[in-house]
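Note that the chains are named A, B, C, D and E in the order they appear, and that numbering of residues resets to 1 at the start of each chain.
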Amino acid sequence: MSRVLKKRSKKAGLSPGALTYVGDKEDKKVRITIVHYNSRDYEEEDKTALNDCLGLVAADRITWVNINGLHRPEVMSQLGSCLKMHPLILEDLMNTDQQPKLEEGRDHLFVVIKMLDCHDAARNIQVEQLSLVLGPTYLITLHEQEADPFTPVRERLKNSQSRLRQSGPDYLAYCLLDVIVDRYFVILEQLGEAIETLEEEVVTNPTQKTLQSLHQLKRTLLIFRKAVWPLREIVSRLERRDSPLLREDTAPFFRDVYDHVFQVIDTIETFREMLAGLLDIYLSSISNRLNEIMKVLTIIATIFIPLTFVAGVYGMNFQYMPELRWRWGYFAVLFGMLLIAAVMLLYFRKKKWLGG
Amino acid sequence: MSRVLKKRSKKAGLSPGALTYVGDKEDKKVRITIVHYNSRDYEEEDKTALNDCLGLVAADRITWVNINGLHRPEVMSQLGSCLKMHPLILEDLMNTDQQPKLEEGRDHLFVVIKMLDCHDAARNIQVEQLSLVLGPTYLITLHEQEADPFTPVRERLKNSQSRLRQSGPDYLAYCLLDVIVDRYFVILEQLGEAIETLEEEVVTNPTQKTLQSLHQLKRTLLIFRKAVWPLREIVSRLERRDSPLLREDTAPFFRDVYDHVFQVIDTIETFREMLAGLLDIYLSSISNRLNEIMKVLTIIATIFIPLTFVAGVYGMNFQYMPELRWRWGYFAVLFGMLLIAAVMLLYFRKKKWLGG
Amino acid sequence: MSRVLKKRSKKAGLSPGALTYVGDKEDKKVRITIVHYNSRDYEEEDKTALNDCLGLVAADRITWVNINGLHRPEVMSQLGSCLKMHPLILEDLMNTDQQPKLEEGRDHLFVVIKMLDCHDAARNIQVEQLSLVLGPTYLITLHEQEADPFTPVRERLKNSQSRLRQSGPDYLAYCLLDVIVDRYFVILEQLGEAIETLEEEVVTNPTQKTLQSLHQLKRTLLIFRKAVWPLREIVSRLERRDSPLLREDTAPFFRDVYDHVFQVIDTIETFREMLAGLLDIYLSSISNRLNEIMKVLTIIATIFIPLTFVAGVYGMNFQYMPELRWRWGYFAVLFGMLLIAAVMLLYFRKKKWLGG
Amino acid sequence: MSRVLKKRSKKAGLSPGALTYVGDKEDKKVRITIVHYNSRDYEEEDKTALNDCLGLVAADRITWVNINGLHRPEVMSQLGSCLKMHPLILEDLMNTDQQPKLEEGRDHLFVVIKMLDCHDAARNIQVEQLSLVLGPTYLITLHEQEADPFTPVRERLKNSQSRLRQSGPDYLAYCLLDVIVDRYFVILEQLGEAIETLEEEVVTNPTQKTLQSLHQLKRTLLIFRKAVWPLREIVSRLERRDSPLLREDTAPFFRDVYDHVFQVIDTIETFREMLAGLLDIYLSSISNRLNEIMKVLTIIATIFIPLTFVAGVYGMNFQYMPELRWRWGYFAVLFGMLLIAAVMLLYFRKKKWLGG
Amino acid sequence: MSRVLKKRSKKAGLSPGALTYVGDKEDKKVRITIVHYNSRDYEEEDKTALNDCLGLVAADRITWVNINGLHRPEVMSQLGSCLKMHPLILEDLMNTDQQPKLEEGRDHLFVVIKMLDCHDAARNIQVEQLSLVLGPTYLITLHEQEADPFTPVRERLKNSQSRLRQSGPDYLAYCLLDVIVDRYFVILEQLGEAIETLEEEVVTNPTQKTLQSLHQLKRTLLIFRKAVWPLREIVSRLERRDSPLLREDTAPFFRDVYDHVFQVIDTIETFREMLAGLLDIYLSSISNRLNEIMKVLTIIATIFIPLTFVAGVYGMNFQYMPELRWRWGYFAVLFGMLLIAAVMLLYFRKKKWLGG
């Protein structure tokens, strides 16, 4: 269940604004990557702590601070004081169990979205939170994942001819969003294949395990939808440029992301309907199988029970049973039995119970 | 059913504004705790009755009156006359069977919300009503619960450095709301664990009891949702500051509560969908089990009924049955029976009925 | 079905505005009760016909005309000409098969609502139509019911100190509405108890009759919802005071009724969901029962069919069957049978079919 | 399926505005009835073709042209050129497979609605399209039906005192609409009775035929809903008087029709829910019946299989079987069998399988 | 699954605006058909590449460029630079896995819709993307399909008297849309017939294959709906003339298309409900069949098991069994058996198990 709900109860009773990390406490170091760039220069440095605000933000260049690991309150509070963030937003940054949302501060936008990752989407989907703080000249990204999902963006950033270098931090934010949404499509494809496999299994050989896979997929889609649904509203607000931090020529790009998010949601819904259809087929396959079993039982029992009765009759020990003494009695009875069986079989063929 | 609907019928026919308590009449005393505080002072007193309005409300300090027990009309009417409340709001205060709601009076806000409490959320959820009356310099809270859920807030209030002491009664109201919503998360976790347990049970060993737990959980979620759903609208209105009683710098805090309430509702919906999925699995598990039982019956019957017939044939007492006199007749028949059984078993193996 | 739809077809083909009563024509007399009151005086008279408009409406006092029985077109048309009502509204007054609605005339409001009555709500719910015509100084109420549901209001009206005597006809209308909505709660309680009873029955001893009760309850809720649902919109419009006929200080009272109506609707929805849940349990209880029956059959058949086969084998009449001549053959076979039965029982115990 | 969708494909590939009739081509003549009236005069003439526009429309009197049969393009195009209608509206007039809709032309309103007709509503519902073209002084009605549904309106029109004669063509349009909606109620009643019949059948004697009736009713309701649903929006727009062609004093009449349409839709939804409930009962009745069958089988088999086994044991031919030689062995065994049967019956009584 | 989701993952990680074709790379040539026309002239040329922008667009005539095959990025980028399109729109043009949408550029409209094609709609539905770029004097259409669906439009275009030649490119766009929507009706008819066939099959002879057809149809409708649903919004926006590129006298034509799209969607929903109903019938047919099988088994077993028992009793070898020596014992027993069988049959007739 941990995937649906994290241990929020840790926080019950604490005063609002207290910085508490609700994920699993780990010994991993915090990794901070700071990139400064403008159309001419590109500079990158790696840190493990944030000692002062010096050089963190400058007017003539764009700064992208990527913080990998959220479990160290001191890093967060340092960051908060450097950027003058509201304590509740700081609290939100550390709380990895949030709904995706967009909040407007005085001079920054705060966006929480979910990154999805999986090796085997049908079985197991990991939800990671990515928080973005977008300021006039900076972008802060925070997440827990060890692997850096943004390497391709960083590569493009190194190329001084790329649009990224000519644009503001809102375009950088768009690029990161785009990477995340593109990943959703990869997961959708995996899920689509899993559904296709299930579809065959349900028809050819449905077992209790099939049902569990079906249920697992349904749950994965539930989690997926929960993660993606609010994104539509967020990206729509980004596109409508609610804030002066978003430039006019970035809007079409957010519009593009919006279309993609919409398509992801639409496909999730389609998948959900397909799964519901598969469940119906599964249930009726089980019923069909029961019918088949019952048919076999009924055919066997209906043929042999009367025959056994006839045999029983002639097995009775009455002293006066004329048939027993007939010369061809035994063969007549055998023939009669054959006849009964044949009539039964014809009846079943008429009922289409044979060969079905 | 009492949890869904209280004995409202007691009130049928009474004139509007009549003060009637719809809960169980109990002998418990009413406990009134009055806290006066401002940024310098903190004063707390306990009472069992409200004799006059003297000192109840003052301009230079904030007063928090917590009334524990609603069954005494005289306390209510005294309070009403001190604060000049509309008779219908007074009636609402005593009626513990209300929907959560927010009402604006001339110089106070009246909020009704539901506190949830449980030792074992999956089985039994207690819904308690908390009424808040927020005035310019006072906050009245009324509830029935014996235990005081607000002890941690009171502790923070004693600390003169806390934000609570610097802020108005709206911030105090926020803190109480926050405590209640944090409790919702504790219950959600308990429910999440109960669902997880059920999930395993449904797959491994579904019994009629499993179904009852499932139904119980569904009902608890129904009650939970009924209690939380209207809260979203209420907190949203608090955040939009419909009233001058709400200060501007408290708005982000209500925004935070709003996000939490939204997440609670979202998780409840997710849980409901998961339960619906579990019911499907449960039903198909029962069908599977029936199939398994039928398979055993069919295998046994189908093998032995023909054999019994053969035995019956050679138990017939015809005088002329040549096989009976053959030297190896008996063993030939035994061998034939073995052959029939083997063929049957092969057929069942082909049908994959064995080993299932 | 008559409860869902009355004999509307009587009206097909008639010209609009024709006064036709769609209920059952009865010989009952029409009973007209006219109450005149203001803060000083109270006067009440009973009539069986409405001969002229004299004294029906006066500026210095409030007149409440309660007409009991709608089947006499001449009373209606007399009333219509006294109050100058639109012919379509007159037609609506006589048509007892309407949706609840609120219509604004030039100088009156026309409200249609449904009164519910029942002795045994789970089985049988009577829907009666109450029409109210609210004018500047008068209130006309029309209904079919023989019993007068408004006796308590009339009692309060006799008390010259009551708020009713100080207020206008809109407050009187509110009081009548309040009486009707309070009755809804009584019915809700009856339904709640019926559901509780069903809940136990479904789990302990579900029969075909249980299903019919369930269906009956579902249908009652359907009718209930149909009657109450439009009321929400109506009371909401009354509260927002769309018309000058509604005074400002009556608004909070309509707000109160609105809350109650909302709660009724909400509880109906909750009941509907609970019934849906009960149906699921009922269906799976039947499946469980089938499983139990099949288990008994399978256990008995699986144990005795092989044993009977063995007995059959030694009942064969072959001349050469060595076992038959053994001294302890019979007992050996009996012992072998016992062994087979024991093995079967152990298998069933492993499958958990025994004791279930 | 023809009832859900007509042969629209005939039109695929034709240029827009081409006049093609999608219904079944028939040899029936077109019948044109032209009525001219004002408050003084009434004139009626029957034609089979529309040769010129002379006298079709005049300022001092109202003209109602009723065209019965849509399959003659030349009549349509003549009409179109007389009234200067848009070619697309002309195309719509001939296309009898449209959704109900309201379209505003420069100086006329174009309304498409569905007339429903049936002898046995539960089985077979005929949907006919009625098109109305409402101009300043004229009303054109077009439909396919042979029978004239508007005879009562025509009768009223002949009465020079009737409201119809004093009012404009919009009131005439209202009267026709009213006739059609009144017919809906007749059909609703038939459906209501069919559901009532089904309700009894489902409980007392559900067969495969019951299910088919249920399905048939569901489908009829689907078609009914499809025909009526858009009418609500249309009548609502007529009532709000979007067009100068609608006079102010006709609005309350359209309001009345709106209420009726609303009630029709509401009742359809109620019927749909009742049918869904009936399906549940039907399915569980089948399950119950299966349970009953299985109970009989289990009781018989469980009693006699052990007894047969006992008989089989004493039918064995062992040479040494002491019981066989006892004097009362046979009777002891018979008594033992009786005992076994009695124990079984007691067990079944405990399980409540008997008498159920 | 490929029909629900194309290989979007190819694009993950690419920079935005990169021109990548997500369909199957094929060796087919790109076919470009350029038509220039105005009210006097008509000129048509075929190309396989787009070398320069010369003569592509001119003010005094309308140009329709139809590009058949999207897999060549160089053609797209050439087109983009000729018409100065946003790189994201160019990217969208090549991406054949999009939701239908309408986007407004500075001086052109960009519309994506889905063409549906099928030989056997019930089984297999092909979704092709059609992109339209509508400029002041030009219309560009892009699709992948080999066959040209627009031949009839081209024929009409050659006729200098046709409305097409007198109107702008928006009317041309309307004509193409109309062709596509008309095709939807053809598919609807095929689906309608498939449902009709299924309807009979479900009632008369439901097999596992019926269920698969049902599922297949459901899925086809899912894909159909996904393709058509967004079209409603698009055509509605075209009708409301959001852009100066749409002339006023084209609006009624788009209104007509809107009505058709609405009808398509409505019919899809009706079909979906009918399929859901068919599934219910299918499931209950299976249950009925199981009941029938069980009835046969129960009748046979219930009649013969007791008889066999009786035969077994008289097959016992007790030395003292008086009946065995009676003269008419055998016939008495036979008669008794007949009696038992008759009683059983009467019981079954009473239960209505025979002849069902």
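One rule holds for everything that comes next: contacts are C-beta pairs under 8 Å (C-beta built on N, C-alpha and C of every residue); 3 or more make two chains touch, one makes a residue touch a chain.
Every value quoted in this text rests on a predicted model; they were computed, and no experiment measured them.
**Student:** Taking contact as defined at the start, I'd like the list of chains shared as neighbours by chain B and chain C.
**Tutor:** Chains in contact with chain B as well as chain C: not a single one.
**Student:** What is the minimum number of touch steps required to go from chain C to chain E?
**Tutor:** Each step joins two touching chains, and the minimum needed here is 2.
**Student:** Using CA atom averages as chain centres, what separation in Å is found between chain A and chain D?
**Tutor:** Result: the chain centres lie 42 Å from each other.
**Student:** Could you give the separation in Å between the centres of chain A and chain E, each centre being the mean of its C-alpha atoms?
**Tutor:** Averaging C-alpha atoms per chain gives centres 26 Å apart.
**Student:** Could you list the positions in chain E whose residues touch two or more of the other chains?
**Tutor:** Each of 283, 287, 290, 294, 297, 301, 305, 308, 312, 315-317, 321 in chain E touches at least two other chains.
**Student:** Does the chain-touch network form a line, ring, star, complete graph or other?
**Tutor:** Drawn as a graph, the chains make one closed cycle, so a ring.
**Student:** Going by the defined touches, start at chain B, step to chain C, and keep going round the ring. Which chains appear, in sequence?
**Tutor:** Cyclic order starting at chain B, direction chain C: B, C, D, E, A.
**Student:** Spell out the residues on chain D that touch chain E in their complex, using ranges where they run on.
**Tutor:** 1, 4-5, 7-9, 11-13, 15-17, 86, 88, 91-92, 98-99, 101, 103, 205, 207-208, 211-212, 215, 218-219, 222, 226, 279, 282-283, 286-287, 289-290, 293-294, 296-297, 300-301, 304-305, 307-308, 311-312, 314-317, 321, 323-330, 333-334
**Student:** Can you tell me which positions in chain D touch chain C when the two form their complex?
**Tutor:** 152, 156, 162-163, 174-175, 178-179, 182-183, 185-186, 188-189, 192-193, 195-196, 203, 252-253, 255-256, 259, 262-263, 266-267, 270-271, 273-274, 277, 280-281, 283-285, 287-288, 290-291, 294-295, 297-298, 301-302, 305-306, 308-309, 312-313, 315-321, 352-353, 356
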